[in-house]
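Down below is the structure, laid out as structure tokens.
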Amino acid sequence: MATYIVRRVFYMIPTLLVISFLSFLIMQAPPGDFLTSYIAELSASGEQVDLELVESLRATYGLDEPWYVQYWLWISRFVRGDFGTSFEWNVPVRELIGQRLALTIFISMLTLLFTWIVALAIGVYSAVYQYSIGDYIVTTIGFLGLATPNFMLALILMYIAFQVFGISVGGLFSPDYTNAPWTWGKFVDLMKHVWIPVIVIGTAGTASLIRVMRANLLDELKKPYVVTAQAKGVPAWRALFKYPFRVAINPFLSTIGWLLPALISGDIIVSVVLSLQTTGPLYYRALLSQDMFLAGGLLMLLAILTVIGTLLSDILLAWVDPRVRYE
Amino acid sequence: MADPQVEIGRSAPAEEAGQTSTYATASQWQLIRRKFRRHRLAVVSVWVLVLLYGMALFAQFLSPHDPFEFNDKLVGAPPMRVRIVEDNKLQRPFVYGYKRTVDFATMRRYYEVDPETKFVIRFFAKGFSYELWNLFPTDRHLLAAEDGGYLHLLGTDRLGRDMVARILYGARASLSIGLVGVLISFVLGLVIGGISGLVGGVVDDVIQRLIEIIRSFPTIPLWMALAAIVPKEWPQLWVYFGITIIVSLIGWTSLARVVRGKFLSLRDDDYVVAARLSGGGNAWIIRKHLLPAFASHVIASLTLAIPAMILAETALSFLGLGLRQPFISWGVLLQEAQNVRSVALMPWVFTPVLFIIVTVLAFNFVGDGMRDAADPYA
Amino acid sequence: MKRYRWLTGLVLSLVLAGVLFSANAQSYQEAPMLAEMVAAGELPPVDERLPANPMVIEPFEQIGQYGGTLRRALRGPSDGNGWRTIATEALFEWDFGRAVAIPSLAASISANADSTVHTLKLREGLKWSDGHPFTADDLVFFYEAVLLSPDVVGSAVGVDWKRVAGVQTEIVKVDDTTVEFRFGAPYALLEQGLAYHGDTALAPKHYLSQFHADFVPEDELQARVEEAGVDNWAQLFIQKNSVYLNPDRPVMGPWKVEVAFPADQMVAVRNPYYWKVDTEGNQLPYIDRIVTDLIQDAEAITLRASAGDIDFQYRHIRFSDLPLLAEGAETNGYQVLRWSDTTGWFSLYMNQSHADPVMRELMQNVDFRAGLSHAIDRETMNELLYLGTGEISHPAGLAGDPYFEDGFGQRFLEYDAGLANELLDKAGVAERDASGFRLRPDGERLTLTISTYPFETGASSVDAYELVAQYWEDVGVQTIVDLKERGLWTNFVTSNQHDIAGYLTASVLWNLNPTWYVPTASNTYWAPLFGEYYASGGSAGEEPPELFKRLQTLYDDLTTTLDPEANLELGREILRAHDENVFMIGTVKVPFQPVIVNSDLVNVLDQGVADFRLRHEGQSKFYQLSFQNP
Amino acid sequence: MAEAAVDREPTKVLEVENLKKHFPIKAGLLRRQVGQVRAVDGVSFHVEAGETLALVGESGCGKTTTGRLILRALSPTEGTILIRDGERVWPMHRLTAQELRSARRSAQMIFQDPFHSLSPRMTVIDIISEPLILNGVRSGSTRERRVRELMDVVGLPQQYLNRYPHAFSGGQRQRIGIARALALNPKLIVADEPVSALDVSIQAQILNLLQDLQSEFGLSYLFISHDLRVVAHISTRVAVMYVGHIVETGVTEDLFTRPLHPYTEALLSAIPEPDPHVDSEEIVLAGEVADPSHPPAGCIFHPRCAYAKKVCREEVPSLRRIEGRGESSRWVACHLADELTLRGAGLPAPQESEGG
Amino acid sequence: MTEKSAPTALSRAEISADVLLELKDLHTHFHTDDGLVRAVNGVDLTLRRGRTLGVVGESGCGKTILSRTVMRIVPEPPASISGHIFWHRQNGEIVDLATYPVKARQLREVRGKEISMIFQEPMSSFSPIHTIGNQIAEALLVHERVSKKEAQERTIEMIGMVGISQPDKRFHAYPFELSGGMRQRAMIAMALVCRPTLLIADEPTTALDVTVEAAILKLIKSLQAQLGMTVMIITHDLGVIAKMADDVAVMYLGKVVEQGPVEAIFDAPQHPYTRALLKSMPRLSNTGSRLEAIRGNVADPYTVLPGCAFFPRCGEGEQDRCTAAMPPLVEVGDDHLVRCVMREGVAHGRGSG
């Protein structure tokens, strides 16, 4: 097991290097650079830019260097934990990400909780009562969540929240609480807002999890050991939850690692529509404005989390499933 | 025979019944079809899809109006109701026109049903001219309002364009993007996965690592970057193909995994060994045994991949990276509707969502059914 | 001594403002929150904080009361103009909603006989928000150490008077409160220029010089660079120089940023050293705080506004959302004002310097342009986009602009397909191909590409140009609307690659950035090559034909002609050229810009002009806004 | 290994000498090979023309691997495999892929699981004619004639030509598999547990068929099985395998009645004879089957052998000929073969009941 | 066969006192999409205390379903059960297990406690992710009020009893860590940990090698003697039957076609099917001769033929008599019953004699 982990970590290095390189290429791929979009932004608001000044700015930010020089500068600093400074925000990337991390993780966790509770309950139900009317109904609802474009749902819920509940939309707090220190009131205010993203992001994920849970459980329910448990006189619910459920949930548990990057990125589109104070909109904006270090930092962070997440998943799988552990 | 499922599920042959039963000569696909039919929701969904694709195929014929024809008299008009009763008498189906009033204080248009203007609906009536499939020039339409009238069964958009026509035309792009995208994914997945599974060793390692890397990539930036690579000079049709390729990039890795897995598991199956012992080379084995063996599984995976592609197109359009008007796709229609005033004032411009949902649902159910039926011998 | 300075200040302010000071002459009043700080000894008394001659402002409607928080929303850090326009000060400022520059930080300005040297006197005793005196040194520091420095850039936006007639301007300190602007030629636009871009010219030398290589030893500076985690001191300087992302930077504006983005909410608190008072001697501003929420999505901003969570804003508020906004106004306690819009045309910039000679000849042919113009059904467009309330004209100035003459921009407007065909035939594109499309004189199919990007001015640009394209196709001109990403569009059209650019046109104060009407830079979208020629002094671009050269000469004259009448005539001649030639084909202009205003807010300009050059909402002078019930 | 070397006569259809198959075990950081599973570890035997040699042993002993090695479905690590078809001798162990195609006409395989060895996507005619197509029978009608002929031979009604395997019972499927194996007129058939997946009644049908075919076409079988009752019934000679080694060979009857290796004795004692009157005392072997990746020193069977002595723990016994302990030659790999007197299979049952 | 009880002639009354399980007209039908499968189609059987009943038949004859029907662990639906399963408790109480609803607590109390079962596939019959100790102890925890510690102790004891060395260590082992034989022993431990009255062994050795099979059969026998259990062993292998059973029931297509004491069945089989089975069996004793195969295959489970189901494969029958009606079960000897019209005459003769 230990050598396995060591080997996997060892493999991560070239993978991450390739990813960092690809990340950089992706950031460089769109024509123009941060200044191009900055100038466009300025001229769109009516400003006339001084092209001489722009060239000077380009030199200041090193954007006039060839891409491989820029890459080398970026990655060599990245390795040292220096993610550079965001052009647009004028703030070190690390700080920028750090600031939004807590709330992002909070929402992601909440969404996860929502998704899991709903998905597991429905998944178990529809597996146990396979082909019943209830199964068809929850399956359809699940798929409906999958089929509805997230951003649409976000927009509609946002409008409903505003119209019906009078909730001030955009972000996770009312303006009064945005910069306020944490109090009970602020928490309540957060909870008033947070259900929209949780539902919107959750529904899409729930549907697929329901399918996975249902399929896994159906597979497991066919296994002879279920009959064994039955023959032992174990009550049905206990037989269900102790055996097939435990086995069926394994692939689930192992996806926890995969959620790691999702915790950070969130659902970008939804968070943009809802103007959440999470990393998602930061990321989207950075990509659009070609805020290279910010976009690159986030991209790399996500890639690293994905790779670590995968490793974690495998370790977790080995932990929950003795069969894997001993292989 | 420990497992009762096996015992009852496996139909023993009816040898004694001398006649050749259809079951006995039923090929794999016939059996799949038979098993598929048991999944009732899937069967219904197949018909729904046939209907949807029929709509896309005959979009021009089915559209009562030109999807680009704007109507300054009916900007953002709500759906018209088809009526058959007037003055308590049964009539040919017809719709009433709208009377428009504008509140200049709020800059809002109000539409009121105007019983004075009445447009009778004609079948196979004349309307705008078009060339069906670029082959048959005609101006016949399934439905159209009587000469000079309007028939906006799903309302009009902010420029007074007919939503029915736009949805129908949009179906052409949106429904084909899934298919084409899946086709590209399929070819990529098949070739790369096949090589990976067949050659094995270092090649397999490298391909697996590549897949892992691609999957490590968050999709949104990948899309954004790739969408940015699509040259801006390209005409819309090329952009469409460009977007399709981008969208298909999300699919091929998982398909390659399916293919590889199947290759690996089938490679050592007894009947494949038997074919090898009979003198079959790699090409023969792949063609005669491996491909047919996982074709059904792959098709099931493909079916399940299509809805993701359709949704990806809408998401790309939403981000402003995908197709754009004047090209019509469901994603474009949604992008146009993507604002609060549409939600509040003209919710009917969201009808494309219903079509997306139905399509995605249908593909998912069909895919589900296909997956269950993919292995009729299980 | 102190007392004497105070007296002089009082006298000066009385004289300059021309207003009788009826309030208690012994002292100024200040906001309660500042009074508390003074009481606590954290702040010197208000009289010591104010300059000798504070600028006296007569509120728009009434004397306000202290207190309250004004709420706005911006979409991100690059939305900084939304803050700049309402909260920064300059040497001159615009009068309420008019393009008239009045002295602001400047106490007075005078010029020599030929207007080549302007002497500007600052108010006496001005202080930065940290209490440090604001002097001529700060102005010279900005000009020499920032704007003209080869190493550091303050911003991509320069100042309008950096070069006059090709000669670099000099700024010379005369004494602590006096500077001289020395131009290479007579200069007529300094006051307007200082009002327009003046805020960028304020740099607190005492603060910023710690980040400047000319003032700090290299190793010390390097330490600061590393501490900040940036690459070089220029980046550090840019970072520190931001009035809106750096809370430490001293400012001269009414509010000073306390919490900056990337916080989810930017908070700005009154500047205790603010140097304006109302006619009753109350130190401005009235409002304590301005909070600006960071809301990335424009839809969410719309919803915020209709929920009454925005107090005064038109940025990101769209004409098309009016029905929605009007709905919530009453219940949510706000009103929707209608400010006139000066830029909201969907214009078609006919590229006069087209790279393809055949196309260039067509583009330069007035019949061609007139024909295309007549082909557009503007009434229908108006109906579709603006419920028939939009304004139909070509962009050639606008009523309210001093250079505008009634009747400008009204040629070739009526929809007449027959006339359009006739004119197009006459322009040499009479031949048609099998599909019915017109052919260019060289026999190729005539295809016009309208290059634009998705923007909105009450309606979507994509919709508008699509409509135009359909009308043009109706008269046999194949038309493609090419949507580009904004940055790419800018590159594309400034490098003369386009047939027709689809964009807005400015109509007031164009004399400060003339590129709209005179090809003076490559961003003159209707003749980039000629503009580039002008900007580079003939070293790049292409020498324009006489017609365009004449416009350039006219503009040169305009900048140096001091006589008001002669100056006006020069401008009119420029606009007249546009009226006659329609280099920019106009379609329909948005009727007004809706402005969300909290019903409790007073002193709001009710008939403003939605224009960047007039500083957007800032023209309503936020420092004198006041809540009735703060 | 000595056996094959000594008598190499033209009557031998198959000669296997010192055959080894080692599967690598990879582990560690760089996936280096850290060991090997000695699935087949130096096996030698031969099959005479027209005889059935049974290869018996418990699961995991390497008998299936051996069968696949012979037909080069797996490549051997070491050793020689010669298949003789008339005048031609195929050195299977070193044939190229191209040569193998020809060689495989001489030797074919019947698989254990009739559900997995037939492609469910092909009809009977497709399945049986596959080897014909691959070996150059171009004409469709010739092929069909041959397929019909083969169906007759294995007792499948010709009208089932166009049926799919799923329409057949296990026994019928096995017949299809046999027909496919016969299609190219091989000399040798490797039958890998051909009846162990079948019901007892069907088992009999197939065993009878195999016997009939053998006499009709002069086939030689390498019959791989774990079922000693079946082996006793069908084989001419038996080779007993234990963890990659052959521990004993001999003529069937001889070996069953007088085993020379303690492992053979244990195997025989465990056969459940379908006769309630037979009351044998089976030998329960201690411990577990040896791990083929870490075989014990000395005799591979010694940890479980009740008779093991010091020599057994230290020296590897070679397969040696034992004369005079039966009607024919016997080979055994046991140090103690000369000392031990081991128990054979249960006595013949008394009289058959009525109808027997 | 030292433990095998000698066949004794018991009177009817004595037999009934000795009865443990009585199946009366038991049917288990499956409703499938392809039609109705009559897996168990009217079975009458009696199990007597302390004896071993072997149920033998080919695949698809319904023997496994029969055993599961007794425990009521066939899935209902699609299965539906009718008839009677009389379970005679030690205290004289007789319950009909067929009458309880499928989720009844009473059934659960019988399962694992009074009747328990071992399965063919010891690997898949254990949950892969729980230790065997955990799974064995569970039966105790479910049925008896014992502490976890006590359950563990008793489990370890049981693991030792089935011949697994180092039972306290193996308690914590996972199924995949054990060899096939060890797993089957663990399975037996699981079945026996509550000391059931009846042990049903469903093909307990089919997946095992011959030497391991012998050991497992021996173990079952010795445990039976030790614990005084009744055993019902399901197998297709007549060798196992011969070795293990006191009584034999031969099943064909959901019906018992012949039953009786093992010697009677092997020495004087009455039903043509039984005879054919015996003859098709390869034996060491007649290696040279040709096997007599049964022609054809087991019929399609969906089609119902009138009369005797075996008739199409039977060489002895007469068209008219055999296809007229399902032949009744007739007694041809002491406790020896057969379902064949061809034996009716014989039966009467014997019965009367």
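In this document, chain identifiers A, B, C, D and E correspond to the written order of the chains, with residue numbering beginning at 1 in each.
Just so it is clear, a residue touches a chain if its C-beta (ideal position, glycine included) is under 8 Å from a C-beta of that chain, and two chains touch if they have at least 3 such contacts.
Given the structure is predicted, the values throughout are model-derived calculations rather than measurements.
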item: Identifier of the chain whose CA centre is least distant from the whole-structure CA centre; value: A
item: Winner on C-beta contact pairs when D-E is weighed against A-E; value: D-E
item: Whole-Å separation of chain centres (CA-atom averages), subunit B against subunit D; value: 54
item: Centre-to-centre distance between subunit D and subunit C (centres being mean Cα positions), rounded to whole Å; value: 93
item: Touching two or more other chains - residue numbers and ranges from subunit C; value: 299, 303, 485, 488
item: Residues of subunit B touching at least two other chains; value: 2, 12-13, 15, 228, 338-340, 344
item: Two or more partner chains touched - positions in subunit E; value: 59, 68, 119, 121, 125, 297-298
item: Contact footprint of subunit E on subunit D as seen in their complex; value: 58-59, 169, 171-172, 199-205, 207-208, 211, 226-230, 232-234, 252-253, 256, 266-267, 269-279, 282-285, 288-289, 345-349, 353-356
item: Subunit C residues within the subunit B interface of the complex; value: 299, 302-303, 319-324, 326-327, 380, 383-384, 387-389, 454, 462-463, 466-467, 470, 481-485, 488
item: Subunit B to subunit D touching residues, read off their complex; value: 12-13, 15, 20-21, 23-28, 31, 269-271, 273-281, 284, 288-289, 292-293, 376-377
item: Complex interface listing, subunit A residues touching subunit C; value: 30-32, 35-54, 56-57, 60-62, 82, 84-85, 88-92, 95-96, 99-100, 155, 158-159, 162, 166, 168-171, 173-175, 178-179, 272-275, 277, 281-282, 284-285, 289-290
item: Subunit E residues touching subunit D - in the complex, by the definition given at the top; value: 1-2, 58-59, 179-180, 209-215, 217-218, 236-243, 245, 262-263, 266-269, 275-287, 290-295, 297-298
